[in-house]
Every structure is written in C-alpha cells, then in structure tokens.
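Here come two complexes built around chain A, the first alongside chain B, the second alongside chain C.
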Partner chain A sequence: MKNKAEVVIIGGGAAGTSIAYNLAKRGITDVVLLEEKYVPFGGTGRCAAQFRLQFGSVENCKLGLLSVSQFDTLGEETGYGDLEIIKHGYILTSYEQESLDIQRKNVELQKSLGIDSYILDAKQSKEVVPYLSTEGLVGGSYCTGEGHINPMKMVYAYKKGATDRGVEFNDYTKVTGIEVEGGKVKAVKTNKGTISTSCVVCAAGESSKYIGRMVGVRIPVEPAKRQILATEPVEYIKAPMIYSFKHGTFITQVPNGNFLMGSSEPNVRLGEVDFTPTWDFLERMAKLGIEQVPMFAHLRVIRQWAGQYGIAPDDSVILGKVPQVEGFHVACGCTKATMFAGAIGTLVAEEIAGLKTSLPMEWYSIERFDEGRLIKDPAIL
Partner chain B sequence: MEIDESKVYLCRCENLTLERLHQLLDEGVTSMQEIKRKTRCTMGNCQGKTCKQLIANEIARYTGRTIEEIDVPINRLPIEPVTLGEIAGVK
Partner chain C sequence: MNFTEVAVIGGGPAGMSAAAAAAKAGAKVVVFDRNDKVGGQLIKQTHRFFGSEKEYAGERGLNIAKILEKDLGSSRITVKTKATVLGVYEDGVITYSEDGKYDRLTAESIIIATGASEKQALFEGNDLPGVYGAGAVQTLMNLYGVLPGRRVLMVGAGNIGLIVSYQLLQAGAKVEAIVEASPKIGGYLVHASKLRRYGVPILTGKSIKSVIGDDEVKGAIIADVNEDFNFIDGTEQRLDVDTVLLATGLSPLNELIVNIGCEQRYIPELGGMVALRDDNMQTSVGGVYVAGDVASIEEASSAILEGIIAGTSAALGMGFVSIKAEDDREQAKARLKALRAGETGAKIREGIKKAVTERKYRDVV
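Let's turn to the complex of A and B:
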C-alpha cells in the first residue's frame, strides 16, 4: 500500500469506485481507494440493480440524467464490456386519483427536463406489465429511459477503468483515523499503515457518520436495514419495475430471470447496522407481492438477504466539500448510490480537480441541512 | 489422463467451469466473495448447496491457502426453496 497519495477514497461501493474512475479519467491518478471488506460489500452489492429517472425534483432528475449518460458508455469506455443495461423502465403505480394527480405533476416536470415519461391508465398499465393485477389500480407513470444495470459489473468496470490508469485499490483495509492539522486533512490511518494526503473522500455509504466523526464533521446519514428476496428464475419478459407507494414495495425481474422484491420496514430502528434476514419480511413481502402479482403465489423463493440504506434527512445525496475541514469531501448516495453513481463520481471528481461542475454543488452540499435548503421530492418511497 | 477444465462444471446453475475459476484466480481475483459477484456462482436454484464447498476447496487448493483463509459466502435463507403462496398462507 502507498504511504502517500493525492487523494484517498474511503469506500469501495458505487460512489467510491465511480469517483476513483472519474478522477483518473481527468488525469488525477495518484489515488488510493480503501475498502473495509471487498468491492462491493455494502449497499451497492445488495441493492435491486435498478436506475431511475422518474423523480419529482429537478435536483434528483438531473442526477439521474447525468448518471445514465455515463452508464451508456461505461462498459465500452473502460473496456470492461457488457454491464447488463436493459431499459425496461419503471412503472410507479397509483391506487387513488389524488396520487395519480401528483404523478401527473412529476411527469410534467420530467418532460420539461427531457425525460420521456408519461401517464398510463389501468388498462395501459396492464399492457406494459402483463402480470400486474389491476384490482383497485387507477394508473401509473411510466418511462423507458431507466431500468436495470448489474451493480457488480458496474463497480468492476469503474475499478478496471481506475486501476488501468494507475489508481490503487486496497480491500480488507479498515480506516482507523484521519489526521487533521490546522483545519486541514493530513493523513489517513488504517490497519495496514498510514497514508499522507491532503484530500480525503468519504464514500462510506451507511457508515459515513463514523468517518465524519474522525474529523469532527456530523454527516446526517443513518443506517436502516432493508431486505430483498429473490425467486427462482423464470423467462425474462423485460417488463418494468413495479414501484408502489401504496404498498411501500418494489418488484422487478432481472435479466437472469429472477424476480427481486423489497419493501419498507415498519419495525426497523434507524442507526442500527443489521444484516440478519428475518421471517417477518418474507411473510409481509409475500402478501404484498401476491396482492400486486397473483402468479407469485406459485414462484419459489430461493434467496433472501439484508443490507442497509443510508438515510439522509431529505433522502437525496450529500456531495462535496465541508465547511469545517479543508480537504474533506463527502460522497454519499443515501439509498441511491448505485443509480446515481455516474453523477456522484463526475461531480465530486470535477470539484476535486478544480473544474466547473456539471451541476451546481450547492444543491447537494452538506450545508443545505443547516441552511434549510432540503431537496423536496414527492416521488420517493 | 488430462482433464479438460472447460468441461468441468463447479457451479451447474450458473455454469462456472474449472477453467473460468482458474482464469479468475490467475488474474488475481482470489476473493471468493468477488468471484461470486463476478460469476453469480452459488446464487442459483441449488442455493449454493452443490457448488459452494467445491469452489471454496478449489480456491484454497489452487492458491495454497487453507479453507479457513477463504472468504466463503454464508448460506442464504430459506434453507429449501418455498413458494410465496406457502409463505403468505394462500393456496
């Protein structure tokens, strides 16, 4: 492991690997990435493998658009190859006229930003998702610019692109402290030695608050457990992800044929890291899943796992410099690191390189919480 | 007799051959967790019950480590595949 670097990135998930690649692409290659376990151990490796554009705020829609434009070329640009990108779309379902009206407003906003989404009635919804039950369904919003990406391949493509240009990756390396002198970052201490540096990026996802404490910065991201189940694979029919606010669930088929589904967790305590899969999730998800897709009653569950969301006060990303410590940057996806990886990497790398950023950093900065500039997005579960 | 490694399947559900495993190990990908994420091995219908131990043993043998030194993934629940209908209590 190097003992000196221009930039040290903490975290080997979608955010960290994307920053490593986007820095290297801009000529900053004296970079070390530190990962406590393996790439990608955390949320990225446990997510439902989808990226979306249908948001209800300019800030989130723009992050989606910037990310998708990078995903489209990433496999080829890095020489990694296919990332299993399939734009099967999302359908955000509505069971009340009132919620469909909110979606109509979101679609208007999306269209004004160049996102090709539209409103479907119940019958049209059934046409795009043949296995969806229309009982009680009023309609939904639908877009085909979004869909599936294999998050493992995505981070390995970022890793390949970064390491081919000279970035050093260190797995099973735990950060134990960060030295700050005169308000500036000096070094990162790990279980394998110390690295002198003047620039540290915290891309530690749901564990970011612990890294923040090392430099006296409060990062308002709390871990919260979520679970996913996977069914046996059946023929993939390229139907959209079903995202239901009413049920608090998502249901999607991945190209391998497995259905993945997950739900909000009524009994989870914020702030606890817990990887234990539980029966109550299986039972709740089975009922909610069958209610929306009756044929699920006949499909077998073969796997179930847990991961952590990193919950921010407004459920959007936290990016960029912090006012208290010079050289300390935050890069938290806060439940959306995989789908926003392209934007997170681009924006943070641009800021570190001293370039004009593709989107205004003040939208996403940590200071927005103190200054009361939260990102209000009605299209998030 | 020489074994054709491209015809030896360690993971039948996801088609991981001995040849592909050796290729990854030669490339320096020696973490079993990473091999799982790259190849989907142990994630198929057998739930890793037929392949996981075989793959772990081969990684240990090929890289000269003991099995305890390999980051073997845990077994995922449920122990047996079970229909969502049975879980939800509907027919």
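Let's turn to the complex of A and C:
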C-alpha cells in the first residue's frame, strides 16, 4: 500500500469506485481507495440493480440524467464490456386519484428536464406490465429511459477503468483514524499503515457517520436495514419495475428470470450496521408482492438477503466539501449510490480537480441541513 | 407458536443420528427433510460400506438408512418429510414449506445437516440433456428404476464414479470409459479392480473436453491433460456415448449457514465454504450446529458420528443432564478420530484443523 497519495477514497461501493474512475479520467491518478471488506461488499452488491429518472425534484432528476449518460458509455469506455443495461423502465403505481395528481406534477417537471415520462391509466399499466393486478389501481407514471444495470459489473468496470490508469485499490483495509492539522486533512490511518494525503473522500455509505466523527464532522446518515427476496427464475418478460408508494415496495424481474422485491421497513433500528435477514420480512413482502402480482403465489422464494441503506434526513445524496475541515469531501449516496454513481463520481471528481461542476454543488452540500435547504422529493419511498 | 427444543434440518445420515442423539439426551426434536422419505443419499446406496463395524461396515447403505430411521421412532421426535426449510433466522425461527404450505417453527437449537450437491464441470456442451451428475443417476436407477442411457462416459474415478459405474453395468448399460484428470485413481482399489475385470477402461491423466450434439449428447471428446490439468493438443479422442456422468466432487449445501450468519471459511480439503465450529460442531452462532457433508465432504460413517456429536451437544448445551450423552459424545469423537487416521484421512485432517476453532463458541452446561 502507498504511504502517500493525492486523494484517498474511503469506501469501495458504487460511489467510491466511480469517484476513483472519474478522478483518474481527469488525470488525477495518484489515488488510493480503501475498502474495509471487498468491492462491493455493502449496499451496492446487495441492491436491486435498478436506476431511475422519474423523480420529483430538479436535483434528483438531474443526478439521474447525468448518471445514465455515464452508464451508457461506461462499459465501452473502460474496456470492461457489457454492463447488462436494459432500459425496461419503471412504473410508479397509484391507487388514489390524489397520488396520481402528484405524479402528474412530477411528470410535468420531468418532461421540462428532458425526461420522457408519461401518465398511464390502469388499462395501459396492465399493457406494459402484463402480470400486474389492476385491482384498485388508478394508473401510474411510466418512463423507458431507466431500468436495470448489473451493479457488480458496474463497480468492476469503474475499478478496471481506475486501476488501468494507476489508481490503487486496497481490500480488507479499515480506516482507523484521520489526522487533521490546522483545520486541514493530513493523513489517513488504517490497519495496514498510514497514508499522507491532503484530500480524503468519505464514500463509506451507511458507515459514513463514523468516518465523519474521526474529523469532528457530523454526517447525518444513519444505517437502516432493507431486505430483498428473490424468486426462482421464470421466463423473462421485459417489463418495467413496479414501484408502489401505497405498498412501499418495488418489484422487478432481472434478466436471468428471477423476480426481486423489496420494501420500506415499518421499523428500523438506527445506528447499527446489520446484514441479518428476518422472517417477518419474508412474510410481509410475500403478501405485498402477491397483492400486486398474483402469480407470485405460485413462485418459490429461493433467496433472501439484507443490505443497508444510509439514510439522510431528506433521503437525498450528500456531496462535496465540508466547511469545517479543508480537504475532507463527502460522497454519500443515501440509498441511491448505485443509480446515481455516474453523477456522484463526476461531480466529486470535478470539484476535487478544481473544474466547473456539471451541476451546482450547493444543491447537494452537507450545509443544506444547517441552512434548511432540504431536497424535497415526493417520488421517494 | 410452534416450538421445539432441537430442529434438525436434513434427514440424511448426519441429521438422523443427530436427531436420535438429541432425543436420547432428553430433548424434543423436529426433523425436516425435503424428500418424501428420510435417509438422504443412503437410500440409493446399494453397495456395502467399508470402515469399522460400529459404523455399519459390511452393511449396504439402504439398510443403514433403515437402522438409523428406527431410532427416529422415539416419542420425542417428529419427522417432517416433503418439508423444505426456506430460511433460519437469528431469533431461532425456521421458515419452511411442508407439502406446499408455508409455516414457521421456533427452535432453541438448530442442527444444519443439509448435505452437499454435485459439482458441475466446465466443458463445451455441459448443459445438454444427457449430461448428469453421477449421484443423480444413482438415484434415478436405484430409487426410481430408470436407466437414463446405454453408453456412458464417466468423468471422475473417485468412489462415486467407480461405484456408480459398476451399478450401471449391473443395470445393463455399457461404460465406455472412466476418465480421471489426476494421474491416480482416487477411489478404493477394490472398486476399480472390479470394473477392470469387466473390461471397463479407467483412463487417468485424461478428461472430458467437449460433448458432441446439438439437442442431446451424441458423443464426447476426451483428451490428455498435463500436470497443470490443461489439455494437450493433438491427443483428442472421440467416444461414442449417449450419456456423460460427472463424478467430479461435491460441494457443501451452505445456504442456510450463510442465511443465519455463521462464520465461514473456504477450505478446499473439506469441499468448499464450510462453517467454522468448535469440537462439539457448534458454529459461531450460539446454538447452531453443523454435521455431515455440509460441514466437510466425507463418508456417511463420519456424518453419522458428527451427527451424534452435534445432537448430544445441542441437548447438553441447553441444559439437559445426561452422563450417557456425554459418554456417547466422547466415544463418537474418538471413533471419528480413528476414521480419519492414516494416509487416506490426511487431507481431511488438514481441513478439519482449519475449520475447528480453539475457542468454544458457547459454554456447554
């Protein structure tokens, strides 16, 4: 492991690997990435493998667009190859007129930003997702610019692109402290030695608050467990991800035929990173799944696993410099690091390189919490 | 709420002996097996076993299954067949599907004895109909009376490859050849000699390169391999076969171990990813035990002994007092040690050394 680097990135998930690649692409190659386990042990490797554009805020829609533009070329650009991108779209379902009205507003916003989404009635919804039950369904919004990406392949592509350009990746390397002198970052201490650096990026996802505490910065991200069920594979139909605010769930079929489904949790225990699956999720999710897709009653569940969301007070990303410590940057995806990886990497790399950023950094900065400028997005579970 | 003291997952030799041992020590036991009868792989094993007499040497596998099944007759034991366990959870809850119906059971202690699955081998055409696991064909023949092919290529000359080859001859098939990539036959010489007497060629230093056929197996190409197990060009040879059987090893069925979060390690000597455990077969998750092939790929006889160790330990660990159980456990440990002694056990001993931790995961009462 190097003992000196221009930039040290903490975290080997979608955010960290993307930052590594995007820095290297801009000529900053004296970079070391530290991962406590292996790439991608955390949320990225456990997620539902989807990216979307249908958000209800300018900030998130723009992040989505910026990310997708990078995903489209990433496989080729890095020489990694196919990333299994399938733009099957999302359908955000509504079971009440009121919620469809909110979606109508979101679609208006999306269209104004160049996202090609539109409203479907119940019958049209059934046409795009033949297995969706229309019981009680009023309609939904639909867009085809979003869909599936293999998150493993995505991070391996980022890793390849970064290491080919000279970035050093270190697995099983735990950060034990960060030295700050005169308000500036000086070094990162790990279980494998110390690295002198003037620039640290915290891309530690759900564990970010612990990294923040090392330099006296409160990063308002709490770990919260989320789980996924996978069914046995059946014939693949290219159909959109079903995203239901009423049920608090997502349901999607991945290219090899398995259905994945997950839900928001009624009760989460904050403050603990915990990957243990629970049986009550199995039962609750199975019921919610069958309610929306009745044929699930005939499918076997073959697997269940847990991952961690790092949740922020407004469920949106936190990016960029912090005011208290010079050289300390935050890059927390806050539940969306995989789908926003392209944008997170681009923006943070641009900021570190001193370039004009593709989007205004103040939208996403950590200072928004103190200044009361939260990102208000009605299209997030 | 459904509740039991000990839940045993898997009704093979390890699970059956674990259940019997735990019940004998006083515990109430539920055994889950996804098949329609217990016995695991034993019920298709028509050959006689080797080893020591205490582990039923000289007896045929299917008879050993019957003997072990008798011990499940205890009033403390409930056997659930056609019952697939879906998951095991940290609060002791087991979710399962019995006869197609979902239910759950809470257990104070869980013994995971899920066995192993056959390893696939990599070659062109390995997904064509006509390519089988050797163990799967043994089940087809000996349990269901189905002979899936007439002219067979067996890949692998370990005991499974040799025994199934002989049983194929008994069933009327022709075994064109047995190929073995290693320079030496892995299985017992007595099995190999029997096959040679019937004129079956056992070709060492050779392996399967590809299968010929578009919709089903129409033939196979075998070739010599060098010491790094790479094919040597120009040594290809075509065999006229309609069936290719893979006896290329087993890997532990460890999904439930992952599910409940037991500490694991990749130990090639034991067949792959296995749970770390103390010498009572208790894993890093207190009250969760492993036994049999899921803990290390070995023989039915060692699975039976590991079952006794896990079963007695589960009961003793939850407070049942039984000097007899303690004795049984010590004896099982000694017999297991004897089984693994000698040259043939060297690899397993090496693996066990890596899998068994010094510390006790939970103090046994």
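General observations
What we mean here is this: the second predicted complex is superposed on the first by the 381 of 381 C-alpha atoms of A that agree within 3 Å, B and C clash if a C-alpha of one lies under 4 Å from a C-alpha of the other, contacts with A are read in each partner's own complex, and residues count from 1 in each chain.
Methods note: a contact is a pair of C-beta atoms (placed from the backbone, for glycine too) under 8 Å apart; a residue touches a chain by one contact, two chains touch by 3 or more.
All of these numbers come straight from a predicted model, not from anything done at the bench.
Upon superposition of the two complexes on chain A, a steric clash is found between chain B and chain C.
In the superposition on chain A, A:Y38 makes contact with chain B only, while chain C stays out of contact range. Using the contact criterion defined above for the overlaid structures, shared-chain residue A:P277 touches chain B and also reaches chain C.
Applying the stated contact rule after C-alpha superposition, one finds that A:L299 touches chain B and leaves chain C untouched.
After overlaying the two complexes on the shared chain, residue contacts for A:K184 are found with neither chain B nor chain C. Of the two partners chain B and chain C, more chain A residues are in touch with B.
Using the contact criterion defined above for the overlaid structures, shared-chain residue A:K192 touches neither chain B nor chain C, since it reaches no partner. In the three-chain model built by superposing on chain A, chain B overlaps with chain C at stretch 116-124, while the rest of 44-52, 62-70, 116-124 or 278-286 show no clash.
Residues 277, 282-283, 286, 300-301, 303-304 of chain A contact both chain B in one complex and chain C in the other. Residue ranges on chain C touching chain A, taken from their complex, read 86-87, 89-91, 93, 95, 97, 102, 104, 255, 259, 261.
Against chain C, the residues of chain A that register as touching in their complex are 275-279, 282-283, 286, 300-301, 303-304.
Chain B meets chain A in the complex at residues 31, 33-34, 37-38, 40, 43-45, 47, 71, 76-78, 81-85, 87-88, 90-91.
Taken together, the chain A residues at the contact with chain B in this complex read 37-41, 45, 152, 156, 171, 231-233, 256, 277, 282-283, 286-287, 289-290, 296-305.
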